[in-house]
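Just passing along the structure, written as structure tokens.
Chain nomenclature is as follows: A, B, C, D and E, assigned in order of appearance, with residue numbering initiated at 1 for each chain independently.
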Amino acid sequence: MTRGLPLLWSVVSLLGLLGLWWVLALGADPRVFPAPPAVLEALLREAASGDLARHLGATLARVAAAFVLALTIGSAIGIALGMNHGLDRLFDPWVVLFLNLPALVVIVLAYVWFGLNEVAAIGAVAVNKIPNVVVTLREGARALDRSYAELARVYRFSFASRMRDVVLPQLQPFFAAASRSGIALIWKIVLVVELLGRSNGVGFQIHLHFQLFDVATILAYALAFVAVMLLVETLLLRPYDRYATRWRAPHA
Amino acid sequence: MTRGLPLLWSVVSLLGLLGLWWVLALGADPRVFPAPPAVLEALLREAASGDLARHLGATLARVAAAFVLALTIGSAIGIALGMNHGLDRLFDPWVVLFLNLPALVVIVLAYVWFGLNEVAAIGAVAVNKIPNVVVTLREGARALDRSYAELARVYRFSFASRMRDVVLPQLQPFFAAASRSGIALIWKIVLVVELLGRSNGVGFQIHLHFQLFDVATILAYALAFVAVMLLVETLLLRPYDRYATRWRAPHA
Amino acid sequence: MLEVDIASKTYPAVGGPPLLAIEGLRFSVPDGTFACLVGPSGCGKTTCLRILLGLERDFDGRTVLPGGNPRIGVAFQEPRLLPWRTVEENVRLALPKAMRARPLHDLFARLGLDGFENFYPGALSLGLARRAALARAFAVEPGLLLLDEPFVSLDEATAQDLRALLLDVWQARPTTALMVTHNLREAAQLADRIIVLSQRPGQVRGEHLIAVDRTRRTPEAVNAICAEVSARFPGLL
Amino acid sequence: MLEVDIASKTYPAVGGPPLLAIEGLRFSVPDGTFACLVGPSGCGKTTCLRILLGLERDFDGRTVLPGGNPRIGVAFQEPRLLPWRTVEENVRLALPKAMRARPLHDLFARLGLDGFENFYPGALSLGLARRAALARAFAVEPGLLLLDEPFVSLDEATAQDLRALLLDVWQARPTTALMVTHNLREAAQLADRIIVLSQRPGQVRGEHLIAVDRTRRTPEAVNAICAEVSARFPGLL
Amino acid sequence: LEPVRVGVLKFGTVNWELDAMKNAGFDHAAGVDVEIVPFAGEDASNVALQAGTVDVIVSDWLWVSRLRADGADFTFVPYSSSVGAIMVPQGSALRTLADLRGRKLGVAGGPLDKSWLLIQGLARRDHGLDLAAENDVVYGAAPLLAEKARQGELEAVLNFWHHNARLEANGFRTLVGAEDAAAALGASGPVSALGYVFSEKWAQARPLAARGFVQASRATKALLSSSDAEWERLAPLVRADGAELLALRDRYRDGIPARPAAEDEADAARLHAVLAELGGEKLVGRSPVMAPGTYWPGLADGF
């Protein structure tokens, strides 16, 4: 119906959220739960000093690198495990292990072994996220429709075509889930990574301001990242979703 | 073929992992990368003092409570958004916001507003995890096969039956993914929650030993939790998977 | 009275002009009678049934179902069983609460499904799956039967048994039936009227009323009806 | 020579005794000939084709395909198109690399698919989808055709066109064909031999060789063949 | 110039000192070039030192002793004797340590925090009171606990000195300080709580760097203890003004080590023994006595 106006809806929705926040903040202690103007002020201050751009940029670069790493490696492993029962049986305990290794442990070990550098930081984040991608894509691969695999076999599809034309389209919802919650998880781990051993980035700033209990600035940084993610969602993920599912009946 | 022996495979796999660890540890500084015996010693020491059981118990209770909360609330919201395009359009920005709110922010705000208590801790963890469940189940609900919904409509299935017999079975892989990566994520957040404002739990212990840079004990606690998760995987999740997918052709 | 009056039904097409499936399709089926819908592949037969089932709402026109809101027994063009429920569960789920507990052995036996009650649909041959879908349609004691080629993928002997069963179900209680088929002999054997559709966009080319009593439709009588219909609607066979 | 010698094929059944689908099924089809497989629903016809396609490996017995490892054109019992690829993409994907670019207009036109090349399968009627699946089977220039009830869900006029097309494809190059059908007239019209299967567990009840040249199979000749087969195999019709 | 990389908390007290040092050029004057590597958390600087990314961090001698006992070669140069204290609101009915029975008490730094251990020792010795067992103790992040104390959810909070200084400016008073506990437990004067920590190997390999850095630090401390203007300059970095800034300044000055390191070390060893007795291996690590070399031997030779 109003399919053409998704942006309008987003704006309405965000305004609603803002209103809700404002109303809740009215009665609260502003040190603890600042109202929108206070956060905006903090945001503008950080933006004017150039800190916001620098730290946000550093964080986004890390998130992007770790995301690409984790999604490619994780989905390759996940699909392989999901499609091969034997492999899965063998490596399932490893997946459970890496899935449940605390981020702190992985990050500290990475820093200690590889030094406090970007490679260790991004690698640690990727190692944290990969098992999550594996688990999601593995479920997807387990639920693959066999009849299409049979078709591909009978008509001798090449391996590339089997993946591109048969497997990946079926895994689209799992990719969508893994990438959305993936970015979010990666960003949360990047915050920890930055806390434990980087000298810039949003995580670094958030923790600094946590030491001062400056909630407004913490929120300013957090919301700046959220804003970027909203843009990514609206300008990249949503259109890609629509493209990838154009074959499904409309309004489905 | 050897379907009857999954436990044997798990054991083989775990032994392999142990061997790999041992070999890697041979050349490393034992302070930084302790070999299995050192970790075992730490584990036995903590177990003997009763600390292990106490802290692990506290953490498991929190993980379980937050898991149940997050999975029920998250999947209800996710399914609703996935099935209703209008709702989704309206609330998508909210989902992105809550998905990307840093754990630290949520946890600190929860502690500040609701006090340093279990309710705040578990609530904060659930709030952190809910958006992830929403995103996964929403993708699942978007990919639901319309033909079955039509069937349910024509034969006037009740709402309960529509959910139980039509929607949920199709969402099984998404539930499996959300619950596996869910437990893992929740446990990681519980660690942070315990670090910031609880006086027991594995996260508390890990942080304590992290301050002393006692990697062996850190690993002992981390692996104790992983061991519990391996049991949960083997004794609960796997059998449940098999039950839930018994209708799929075997070996699929 | 089942009434269909669809001025037009178009489907939006991905990356192309919309597709006009039906234009000016008008017919009616008196209560308690049996009508067959025949017409070329792709002319809008399934679309028409979907509109009657309330599954397509975006069309110009109106439909009236017999008795307002009858219980419908439907056989989709594919079996459409829930793959995660056994054959028996699939049938029972479709039953209204009050009928849930009714015995189904006899029905399953007549459909040749005995022994398959606890099979999941994935382990059925297509013919068995179709029969399970028919069991579901018959078990609900429908006031309206909408069947989309129910007897394909069945050997002639089985199909013949099932046609008899269909007539039994239809006669047991006052039921209106609309069945899509490509098999003119089948139509001639079962129907009170045959509604012949044109090429897409589907509209009624004509109706053929069959006066011969059903009990007296011997193979010869059926042949005669077929010949009559073919003559009236050239190109149909 | 296509040779089938299946001593037994059982399916494990969920929560029940295993199901014996085929027992002692033995037949062969000489190179370049056309055979039809008929038999009651659920007797193991699809299972037999699946074994020939290499999709079921867990059986007792052996099979030999003509020419060792021929390119196979297959029509599954359901259309089995990739829903996320258009009709044309579905066909082209099945083509060997060297043939990917070949023009397909003529084939699509003969199948009545022109205008639907860019449709996704979800927007096709079942009959159109079946034709797309046939287009795929024919386009690969198969050395072996395995067809599972290819012409159901089509009106008789369309089906007749497609049968002619099938014969064209089959004759264009040396092709062995094995087709499952429940339509005896269809078998009588197309086949060199009709292989009649028993009830499950499927085995060969008998084979009927058709000597009449294909060009001379008038409706009357077909009727005669059908009568002959029915007489030889009571209960088939 | 010898480069020295120092890992600090961006808004931590050490950063104030280093900023003043670099601003006044004391590092160059002492022949070293100090590079400040800011981190967001204390743990980060620990990791950085272990990973060899920085040369010097600030930590306490208990930590150093414990790690030395485990085979590390870190060593310690006194930096500040400011320690934690238990704070209560001005109007609180709590007057002495003995009043602390059955209260909701926040403790920053965790159960192994040295201030916490010393105060526990004092309470046990003087009042027969087991603070950890007889109170509702909440361990947690320092800023969060400070906030909770302000909100009134905690009746008392043991926090780090810079948080306490801010609390003090906001209507809190000290119930008992760790330095009181230390004195009561046998220390002859203020014992350094925190110090610069570096690896002995590094100090051996780069003696000029280590000595130069210590020298520069002393010069800076002299400046900060005399010049109020310097504190005005530092205000933005300290993130405080008015009463808060003054409280922080005064507490910082109070903490500047004034005694020869050897006396400090002797008292530290005494406290270590007390702590070992209080908590055993779990608290102090494998070694029952302070590990030899915990205080940098380089300080001994007349430095």
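The definition used in the following text is that a contact is a pair of C-beta atoms (placed from the backbone, for glycine too) under 8 Å apart; a residue touches a chain by one contact, two chains touch by 3 or more.
No experiment lies behind these values; they were computed from the predicted model shown.
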Given chain A and chain E, the chains that contact each of them: B
Fraction-based call for chain D against chain C, same above half, different below: same
Most extensive contact between chains (C-beta pair count): A-B
Chain located farthest away, centre of chain D as origin (C-alpha): E
Rotation angle superposing chain A onto its copy chain B by C-alpha atoms, nearest 5 degrees: 180
Chain separated most widely from chain C, comparing mean CA positions: E
Distance between chain centroids, defined by C-alpha means - chain A, chain C (Å): 49
Rounded Å distance between chain B and chain E, as computed from the means of their C-alpha atoms: 38
Between chain C and chain D, centroid-to-centroid distance (C-alpha), Å: 26
In chain C, residues with contacts to at least two other chains: 14-15, 120, 123
Touching two or more other chains - residues of chain A: 32, 108, 112, 203, 206-207, 210, 246-249
In chain E, residues with contacts to at least two other chains: 43, 50, 141, 144, 147, 151
Complex contacts: residues of chain C adjacent to chain B: 53-55, 71-72, 74, 76, 80, 82-85, 89, 93-94, 96-97, 120-123, 136, 140
Chain B residues touching chain A - in the complex, by the definition given at the top: 6, 9-10, 12-14, 17, 32-33, 85, 89-94, 96-97, 99-105, 108-109, 112-113, 131-132, 135-136, 138-140, 142-144, 146, 172-174, 176-177, 180-181, 183-185, 187-188, 191-192, 203, 206-207, 210, 215, 218-219, 222, 225-226, 229-230, 233, 245, 248-249, 251-252
Touch list for chain A against partner chain E, complex: 29, 31-32, 108, 111-112, 115-117, 194-197, 199, 203-208, 210-213
Residues on chain E engaged by chain A in the complex (per definition of touch): 9-12, 37-41, 43-44, 47-48, 50-53, 141-144, 146-147, 151, 239
Chain B-touching residues of chain E, taken from the complex the two chains share: 43, 46, 50, 63, 66-67, 70-72, 106, 110-112, 137-141, 144-145, 147-148, 151, 153, 285
